[in-house]
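Two complexes follow with chain A in common, the first pairing it with chain B and the second with chain C.
Presenting the complex of A and B:
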């Protein structure tokens, strides 16, 4: 990349820099307490805990980075470079152990505990330091070797390791799903009492790598086969797929169990909110940091109109109130948009932030307490009932969230492809030009805020019955930030991206409870890494991909080069 | 017959008095040019006509219909559309998407497809590149796209703000030829330019704007012959 990196000195400097950087990262994770917090989570029982996995990832990362920088040099040089960078990471970690054991760092760094040093030195005291250096050297060498592998090998290996890692990480949840019958014997095959067994990990690796290989071989023929089918056959195939998806959703909560269902409901609620905010930020380019307000309005509308408690305004059925809550949030969105119509850019962030806080403080206020319950909130919200089926807990509510998300995603997709959607796109790209082209930017922006707000209102309506009560403190600004972060991670403007983003940023942290204290640290890190490596998001839209990756742009039409020679010099 | 009539226009940016009583008219089928130095108020005049700025005083009418009170999007619907300064195309969208954005105010499908074809005959280069992302077009092509996009709204009057800005001389000539072509197909043009030399060659009449006021007006020939104009704008 940089020409300087090719000179011998440049090469050495990149090793030192990379090693130091990743070493600092490892020390940072240790000192903020993350390493100790996750040390009890075993990936492979008795072999590898998440703490060591995290630490070794630093060496691995350093190795990969050095190897990438050295692209073009001999393979053995890249591996040696990676190993050295990894060794540096190990030295950095070892230094922490040595220093930490002789000087009391705890005065300032409360997480620099003896237990941490135990972990960092494999319980061997200073004698464990060389072992750490050795392990990190190995990790660096392996990291440096991965870019060298041809993709045919790399992909199955990655898939295998990834699968074993994920299943090991969530072994308690996976074991919960494997309780009876055939599933129970699968469980005893893969797991020991403490977690994923070593032979289980190997089996999973082989299985996932094998699936990957088969997929790589048969994917193209399979899709060719599907395309070659007659239209009727293809229709049938589509119905079968749809039916399978539907059946999977139906049995999902019962296979997954209570806890995962609860997490998935939460993911669904965030997906709904994400779809709404995505409409504002992704489609129309209107930043909104007060988005939680609409979620609150939806929840409070449901609360007040259905509660059996003293604050009841009415005793309507939940199903009747949902449309009302949606409309109320929509109107709130439009009113929210009015005062900020002329505000653009950074100022919009501040203004909308203020609105979210206003709503929260209003529901919290003593002044409105007789109507909204103040900090006591609204209690006694009954669960919805549909033809005798009560949406009692997460395992039932999941159907509600899935249905609502699907409906809302459908509406969002239709809107995106409509005239209004095109107007949003124009406003996002250049508001002045949009206006000059005859787009009523006032209406278009208000509609974005209104419809976006309505989606969040639906989410709030489900949230209210999920908890059976609503409290002001559920609606703080962090929810707005979360929703914004998840659409950035998923891919701005992309509908599947919203779901991917909320799985990644809402689902994962719920499953990894140890991380909960570090949630925003991890968010920040993930966002920075994303902006570096994949700024368009995990599941980007075509337009975003075009914008951020030049090579994806439409190629110039060959054969017109001569004719266009004059035009090419255009910008003078 | 007067199509666009502007009378005694006063426009302010806060305290700044940018237009101090501009009066001009554009007849049906004409090319009229508005020339003047940087900061004279040319863009301000166009933005006010197209409803992006509000005049504090003055009248703007299109065939007798009052435009000054209308918001920008209704002005477009009435048939006055502006090609903004500096080729502001939608860089992330394709050529085709940019053009269809221009037809936003229209709803009839057939007419739009027909116009798309007409614009592609006018700008064959755009046709070749219809699926290309507009941001990767060359400067001249982007200007053509901006003009084509404006034409998609079927304007009666096309307001062009410095279409030649920043283009190589060959392309400048091409753009001016295109403007003449568009005019011959029946669109009335109000052309703002700093390149007075070229503008006066294709225009029928012209106005010279100086610090917010009309300093001179007349036929293009008269202005080309005028000693002051020659000295100030034509380089001798």
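Presenting the complex of A and C:
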């Protein structure tokens, strides 16, 4: 891009910079405790653990980046540059080992333990440092070579590596699912006792790469076939797909087992909350950091109205309380929205954060203890029963969560396409203009708070029966941040995005338990990185994609792009 | 004729639309005011607290408020220039305090801590300021600078991400427990000023804040860089036309704000004697409240807002809540702060001193 980048000095500087940056990244990962925490998770048994995979990713990343920056130079030069950057990463990691073994860093950095140095030096002491440098050099070279491959080769290779990596990462879960019959023999083919076997990894690689090649070959004809179908046929196809999905959901908890069901219930609850917050942030543009309050209100309503404990207000059935909880959180949402109607933009975020905290502190206080139980919470919430079926564990609750999420997603989709949804989007884009167009912004905003709150209330109602108790500690600001992060990762305003986001941000950390301590570290990094690289999210709405990448799509009308940028800057 | 008709219609619409909310807001205002008045009256009437107790609370409030004021400076200066809430500022404050803890405990182990208290305090302050400034510059470079032209919510979300990233990075690097700050022997006990006994730590905090504030005020008002900062906050484009390097000014603003926050971190640790990776979150929000209270973008406003908030927070629970018959009123001290935050944002987003800037910035 810049002309200086192509001069020899510029090239070398980019190698040093990139290597140092990724090296610092690798050191950070080591010192923050991530490397040691994941060192026991084998990806390929006895060959590669997640710790080394993470460390080598630093070298790989450095290689890719250098190779990209050197675009236009000869292939061997790019590979050598990448290898050098990788070597620098290795040197940085080695430096940590050498320094750490002579100076006690542990006074300050709790993770700078001998165990960490063991991992970083392959258990060989200082003698392992050259090995690390060598490995990182290799990773850098491979990284630099990847952008050089033609896509025809790169895609299958990536797909193969990715599949083997993911299966290896979740080997314990996959093995758990492959217990009997044909599945058991598949398991013995791929896995050894303690993880994915090397030949299993190779098999998976070949399989996934093959599927990728076939898919690339037949994708166009298949979609042509689908487009060519008559509407009636397509309708039938859609019903078949729906039926298949329904059947899959019905049998899912029994195939997946207790643990995965539990995780999926959590994912479902966050999806519900995400759909609610998505309505406020994604549709109406009202950034709400106190969203957890509605979740708490739903949960407490269910708790107080169904509990068998001393705090009970009534002893109703869960099914009768859910509509009540929904309505209560809806009203709470409207009341919450009323005073802050005139606050805009980032002030709104802080005001809602304040509101959420006020509610949590009040619930926690001794002042309201006689009614809400203070820090002890509300205990003894009975499980719901439907025609003799008791929703006693996650494997039953999952049906409830899926049904609720589907219903809420349907409502959200219909709302989005309704007049109200259009009004929300108008308010999101420009409140003054929306008002000038005759939209009653007061009602529209209050409805966003109310309906968003109601969705979270449903989630809270299920959460209460899932735990069988409600504590104020479950409703801190981290939940709001969590929900916000997931809708941003999924794509603001996008309904499938909420699902994707909660699978990625709630499901994954639950499955990789070692990560649970680093969850918010990763969230923070994800939010920062997403805002720069993919502000529209993983599964964006078409509008967001167009808007955030308009410079790429509308080069023909330069004046238009400038105007948009100016409008964005000036807004607020 | 037509114009007056339209005007009348607009007026009627405005009335129709806003009356319900206005009534609601007025009711809200009256309710809060009534609670404050009734609570205050009943507390004072009961005479449960002697004069000395009040003085203690006021002094504590002022020292707490000066810490908020120091943190609030960072919010207010960054907001003045970038129109952006630096959500991670509270965590920058935490980084300073936490890193300085290691300097303090090293000095303590070396025995210098109590032999040379002033020197030690200077070293600790220097370490804290260095740490928080470097973190702030890193955050600015990585999380904010690339997003300068993005739509408004984008940098805020990035800032929220930075905030949690810093918190949990510190948790990973330094550990998740509370660390106890060593105590200065000289600062134990009370000093007597005009017959009023004041805890020494609090006196030190107040004095240090006054000095730092004075220096900062001189820096912003009297130096060339300070003038450039004010120019950029007034109008960025025009400032750039005048030959001011806007990027550099922004970096300096972040650095100065972070330095104040780092110093605040040490003062905070002097009073509370412990540090924790999450310690920046609530002081951060409260300092933001202080900044808004004083009028965001306004440096004397931040000082004033900090003092107000500290006082309300420390005196409010016993003055108002106790009188209302609320048990354990001190548990609700944060509720007072957050209620003030919400009330200020609702009723006077321009703050106490912020009239001039209100239209453009809020």
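Methods note: the second predicted complex is superposed on the first by the 550 of 572 C-alpha atoms of A that agree within 3 Å, B and C clash if a C-alpha of one lies under 4 Å from a C-alpha of the other, contacts with A are read in each partner's own complex, and residues count from 1 in each chain.
To be clear about the criterion, contacts are C-beta pairs under 8 Å (C-beta built on N, C-alpha and C of every residue); 3 or more make two chains touch, one makes a residue touch a chain.
Remember, predicted model here, so these are calculated numbers, not experimental data.
K.L.:
Quick check on the superposed pair: does A:432 touch chain B, chain C, both, or neither? Answer first, second, both or neither.
P.N.:
In the superposition, A:432 touches chain B alone.
K.L.:
Is A:188 contacted by the first partner chain B, the second partner chain C, both or neither?
P.N.:
After superposing on A, A:188 lies clear of both chain B and chain C.
K.L.:
Looking at the overlay, what does A:546 touch: chain B (first), chain C (second), both, or neither?
P.N.:
A:546 contacts chain B only, not chain C.
K.L.:
Applying the document's definition of touching, compare chain B and chain C: which contacts more of chain A?
P.N.:
In the superposed model, C touches more residues of chain A.
K.L.:
Which of the two partners, first being chain B and second being chain C, lies in contact with A:339: first, second, both, or neither?
P.N.:
In the superposition, A:339 contacts chain C only.
K.L.:
First (chain B), second (chain C), both or neither: which does A:364 touch?
P.N.:
Touch status of A:364: second partner only.
K.L.:
Once the structures are superposed on A, label A:440 by its partner contacts, choosing first (chain B), second (chain C), both or neither.
P.N.:
both
K.L.:
Using the touch definition from the top, say if A:423 reaches chain B (first), chain C (second), both or neither.
P.N.:
Touch partner of A:423: chain B, not chain C.
K.L.:
Is A:308 touching anything from chain B or chain C once the two structures are fitted on A? First, second, both or neither.
P.N.:
The answer is neither, since A:308 touches no partner chain.
K.L.:
Overlap of the chain B and chain C footprints on chain A, residue-wise?
P.N.:
Residues 440, 442, 568-569, 571-572 of chain A touch both chain B and chain C.
K.L.:
Can you name the residues of chain A that touch chain B in the complex?
P.N.:
419, 422-423, 425-426, 429-430, 432-433, 435-442, 543, 546-547, 553-554, 556-557, 560, 564, 566-572
K.L.:
Considering the complex alone, what residue numbers of chain C touch chain A?
P.N.:
It comes out as residues 17-18, 21, 24-25, 28, 83-85, 102, 142-143, 146-147, 149-158, 160-169, 171-175, 281, 285, 288-289, 292, 326-328, 331-332, 334-335, 338-339, 341-342, 345-346, 349, 362.
K.L.:
Show me the residue ranges of chain A that touch chain C in the complex, using the header's touch definition.
P.N.:
Touch residues, chain A against chain C: 28, 31-34, 107-111, 285, 287, 289, 338-343, 345-347, 349-351, 353-355, 357-358, 361-362, 364-367, 440, 442, 477, 481, 484-485, 488, 517-521, 523-528, 531-532, 535, 565, 568-569, 571-572.
K.L.:
Write out the stretch or stretches of chain B touching chain A in their complex.
P.N.:
So the residues of chain B in touch with chain A come to 50, 52, 71-73, 75-77, 81-82, 84, 88, 90-94, 100-102, 104-105, 125, 128-129, 131-133, 136, 138-141, 149-150, 153, 166-168, 170-171.
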